[in-house]
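In structure tokens below, several structures.
Presented sequentially are two complexes of chain A, the first with chain B as partner and the second with chain C.
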Partner chain A sequence: MTTKLHPLLIVFAAVIFAILVAPLFIILGAAVSDTSFLTFPPQGFTMRWFTNIFDITAFRTTAITSLQVAVTGTFLALLIGIPAAYAMNRFRIRLPSWLSNVFVLPILVPEIVLGFSLVKSITIGLELPVFATLLIGHTLLVLPYAVRVVGASLASFDFSIEEAAISLGCPPLKTFFTVVLPNIGAGVVAAFILAFITSINDVSTSLFLTGPGVSTLPIQIIAHMEQFFDPTIASVSVLLMILTVGVMAIVEATLGLTFLTK
Partner chain B sequence: MVKRLTPWLLAAPATLLVLAFLILPVGSTLATTFLEPKGWIAPYVTFFNSGVRRTVLYRTIEISVITTVLSVIIGFIAAYVVAHVPGRLKSIMIIAAVFPLLTGVVVRSFAWLILLGKNGILNSALLGLGLISQPLSMLYTEGAVIAAMVYLFVPLMILTLAGVLEGIPKDVLEAATSLGATPFGVFRQVILPLAMPGLIVGAVLVFTGSFTSYATPQLLGGEKQMMMGTLLYQRAMVTFDWVGASTVAAIMVVVTFVIVFLMTRLARRLNPMVA
Partner chain C sequence: MTVSLTLDNVSAHYGSTQVLKDLSLSVKAGELVSLLGSSGCGKTTTLRLVAGFLEPSAGSIRLGDRDLTRLPAHQRDIGLVFQNYALFPHLSVRDNVAFGLKQRGVGKAERDAKANAMLERVGLSAFAERMPAALSGGQKQRVALARALVIEPPLLMFDEPLSNLDAKLRVDMRVEIRRLQRANGTTSLYVTHDQEEAFSISDRVAIMNAGRIMQLDTPEVLYQRPANSFVARFVGFENLIEMTVTERNGEMVTATTKAGASLTLSQTVYGAIPDRFILAARPDGLAVRQSGEGIPVTLGIRTYLGRAYQYQCTTSTGDLTGNGPLSELLEPGAQAVLVPVPEQCCILPPEA
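Then we have the complex of A and B:
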């Protein structure tokens, strides 16, 4: 749609977008300040807060846990989510319509309630290890991305191509991997990225699912922040923002950033 | 036989995961609040008899409503501009919205700690301008929580609405204008009704997101501005009152489900494309 924009609207929008980005640049400034407290504009320049991250073992171990959980959880969610999305699109009339609502539940139920319920029923009730429950929680958390984003790709896939391959003698499983999967590749990539970034940033689900020796990076950051108010957290935040930039570059290269407005 | 079962077999692993690790555990959390020996709604009587917990519930509703209203207004105006500016500027604006959206809630809340702290940038600026003589205590106030939450949800609102607003065919707007509608008339009678379903979906996301948030109220509100999420954590992990925590959890689930149910029905009814 095109209509003339009032200059005031443009000014207002410019201010909004500046405010959206500015705080993140302030973190960057605070991270290099040569002071033992958080301040902006930075006083002096130092990289010691960045080296300090690597001296604190808790950041290293929780970062590794976060990556393990995000990659494994996303992979598991895709492993079970893609067949579910496929079944719901390919055999629409043979599956009840409420089934798709089941896969919305992890979005609908408040994350913190999910985490609390899992620690009560699974970690304590079934005596599963903390890491296992954490992984289950994150797999659930990202499952809707796998089912819905891949499902959206499958909705526009022409299943007669698949039938053609099968009727020419290609086995169903081979047909899926050589005919269906390449056609929904963009959806799978999108689901992977959205799921990974959701998992790695998650606080509310992980909150109850961390325990002695097992914690995720965001939970560790909050714990550190409540004790120290030094620029270390600012430098950790900068590293996480670099990760965000990397993810955005992948999105732009594979799907285009406008994908996120759909 | 195997062929008939294929769809079910494919959907089974994901369905069982949700059943075993979400429906059953959350259901059991809700059930415990009704199975108390003191009476089946005793935990809720306890909750609403406690002035502190009632205050937390009302505060959470208040903060969530204010956050939703502000995010909708700011998000709508920004999305409207995004939908209208030429390509290059549009890309910059979308990047400016996506970058914070993909950055975690902890980092974004932390930014507001630096902004609003005693030695924060806002206090330094106000002191420097001579507007105040003492640093203000802005952290751990309702305003701090609301500011950080609006900051959290505006990008989501922009990206939800930009797609909706771009989808409005320009013929429709031109038709309205050529038939004599004023710019405000076009907005009120054409754009707003067409954007309403998207606005409602966005508003629901913001409201439920604020209502169930943990990190932002914890970091910027602290003990003073406890919300439902922080109350749930405190009940469960500090006082080990698991029934009390389950009651908070149950209220959060009920409020979320009711809002989502009512609002999606409303959005469907208001959708001019369907009606």
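Then we have the complex of A and C:
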């Protein structure tokens, strides 16, 4: 199929692309600048800002917290989200139609509001430790992705397969693990990755939930920038970018990125 | 071991709507019974009740000496063949067939051997390693059949298993299903809305309407001696004529139509004739004559059938269709009479 593209459209697309990609290049440039302040274009070349990250304890500890929260939070969200998505698809007719929307609420509510309401209810109300609060917050933050993405792959799942397994003598719970789960595996992986990336990059919700001694990497980046305006920020951003791109590359290679847009 | 299936006054509801009404049905050991009826009459619902995916709101279901009514679906030991095949997409053909055996704790070597033997019987040995997505519709349905048969269930159930296949394959597959069912002597319940399929494959057919069984009989009896006007219409008795007896004279009975036409019928031919009844006839059961005793009609459109002419006829109380001989070409608009051909007509109770 050959579609003629209008020259203006090409120009337009190029401009948009440049606007999207330019900041990434600027950050990359700033990260290797041999100056003690953020600047672009870079002056000189050095890798010391990258090694500097690892010398600053706060970056190390917050990176570990971020990973722990992202992995555990995503895992918890899937633990709640998969059965919820399953129930909503399996018993669609018998459930009220607004129920599925409840699980999207955290996406629709501004993250600032979500963060603030969690402070009110968890930090102040329950007086839980900071890490637990952070974990609950992130679980809620990524739950919609788990429900939606797993739900999308369940929507095309033929439930008569489940009945076939049951009629052949497989108990219902075992059927879920041996027949349903293997057939929605791709959706579960996609949900995991989307949720993980959302969690690891989150600022607004975490801002409210972090406390004395416990913080996440993105928050630490902001805190660092307020004190030192040096290229360390840029180099951390580059590392975060590489992590995200790496995860995406794995998804693309194994499942195809269309999974994330479905 | 062959056992019988009995449904006793079973009712089923979806929410507050009743879908099955006091349905009773018995499939004898080794017999294949079809449920035949139009869309939405409750065939699938009946199957799902027996399979255990739906609980009856009243009544009981028995398989041999086992009471299935409250038994969980996975303990019922019933082979199911679905309309859309419902193969496990993530398992090979062999693993699909072996699935039920695995649930029964049969060891790997034995279940593979049994699965292979069953695939051989349905002619799919060469496809054992394939994934279901790489099979044609007919092959998928054979795998589904093998998967249900290999567990040697006391009861097999089919829900429109052939409706996704093309016409030629449908005929081949139904012969194959019948062959395998006969060979194992497995009691079977078969759902279809295709009359030809039901009549050709079944020992007996249950004709269903709106959650009830209207008649359960052999195809021959259904075709020749329907028990009520619903079944009569279903098997092609287009002409249903309401009649009232006016005179009884030994075996001979005189009855009149609503329009006043009078017929003399013999109880030796028709059996006992009640005071009010419906005379049912296919087009070839009403002979078109120019004159004589019969129902007076005005002839309408004439169609050539090869062995006879068929006439659309009008009367003051409705339209009738009759056949006339090739030797006698009658023109539309002419007056004629329709004479019942005794062996081709039957007497039905009046509609409620």
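Methods note: the second predicted complex is superposed on the first by the 254 of 262 C-alpha atoms of A that agree within 3 Å, B and C clash if a C-alpha of one lies under 4 Å from a C-alpha of the other, contacts with A are read in each partner's own complex, and residues count from 1 in each chain.
The rule is short, and it goes like this: a residue touches a chain if its C-beta (ideal position, glycine included) is under 8 Å from a C-beta of that chain, and two chains touch if they have at least 3 such contacts.
The structure presented is a predicted model; accordingly, all values stated were derived computationally and were not measured.
By the document's definition of touching, neither partner reaches A:V130: not chain B, not chain C.
In the superposed pair of complexes, A:A186 makes contact with neither chain B nor chain C.
More residues of chain A lie in contact with B than with the other chain of the pair chain B and chain C. In the overlay built on the shared chain, the residue A:M248 is in contact with chain B alone; chain C does not reach it. When the shared chain is aligned, chain C comes close enough to touch A:D158, but chain B does not.
In the superposed model, A:A84 lies in contact with chain B only, and not with chain C.
In the superposed model, A:P106 makes contact with chain B only, not with chain C.
Residue contacts after overlaying the shared chain place A:L67 against neither chain B nor chain C. Contacts of A:K120 after superposition: chain B is touched, whereas chain C is not reached. Residues common to the contacts of chain A with chain B and with chain C across the two structures: none.
Remark: chain A residues 158, 160-161, 163-172, 175, 179, 182-183 touch chain C in the complex. For chain B in complex with chain A, the residues that touch the partner chain are 4, 6-8, 10-11, 13-15, 17-19, 21-26, 28-29, 74, 77-78, 80-85, 91-108, 110-115, 117, 119-121, 151, 154-155, 159, 162-163, 165-166, 168-170, 172-173, 177, 183, 186, 208, 211-215, 218-219, 229, 232-233, 236-237, 242, 245-246, 249, 252-253, 256-257, 260.
For chain C in complex with chain A, the residues that touch the partner chain are 51-53, 72-80, 82, 84, 86-90, 99-100, 103-104, 147, 151.
Looking at the complex, you find that chain A touches chain B at residues 1-3, 5, 9-10, 12-13, 16-17, 19-21, 23-24, 26-27, 30, 37-41, 79-81, 83-84, 86-88, 90-91, 94-95, 99, 102-103, 105-106, 108-114, 116-118, 120-122, 136-137, 139-140, 143, 147, 197, 200-201, 203-204, 207-208, 218, 221-222, 225, 229, 233-234, 237, 240-241, 244-245, 247-248, 251, 257-258, 260-262.
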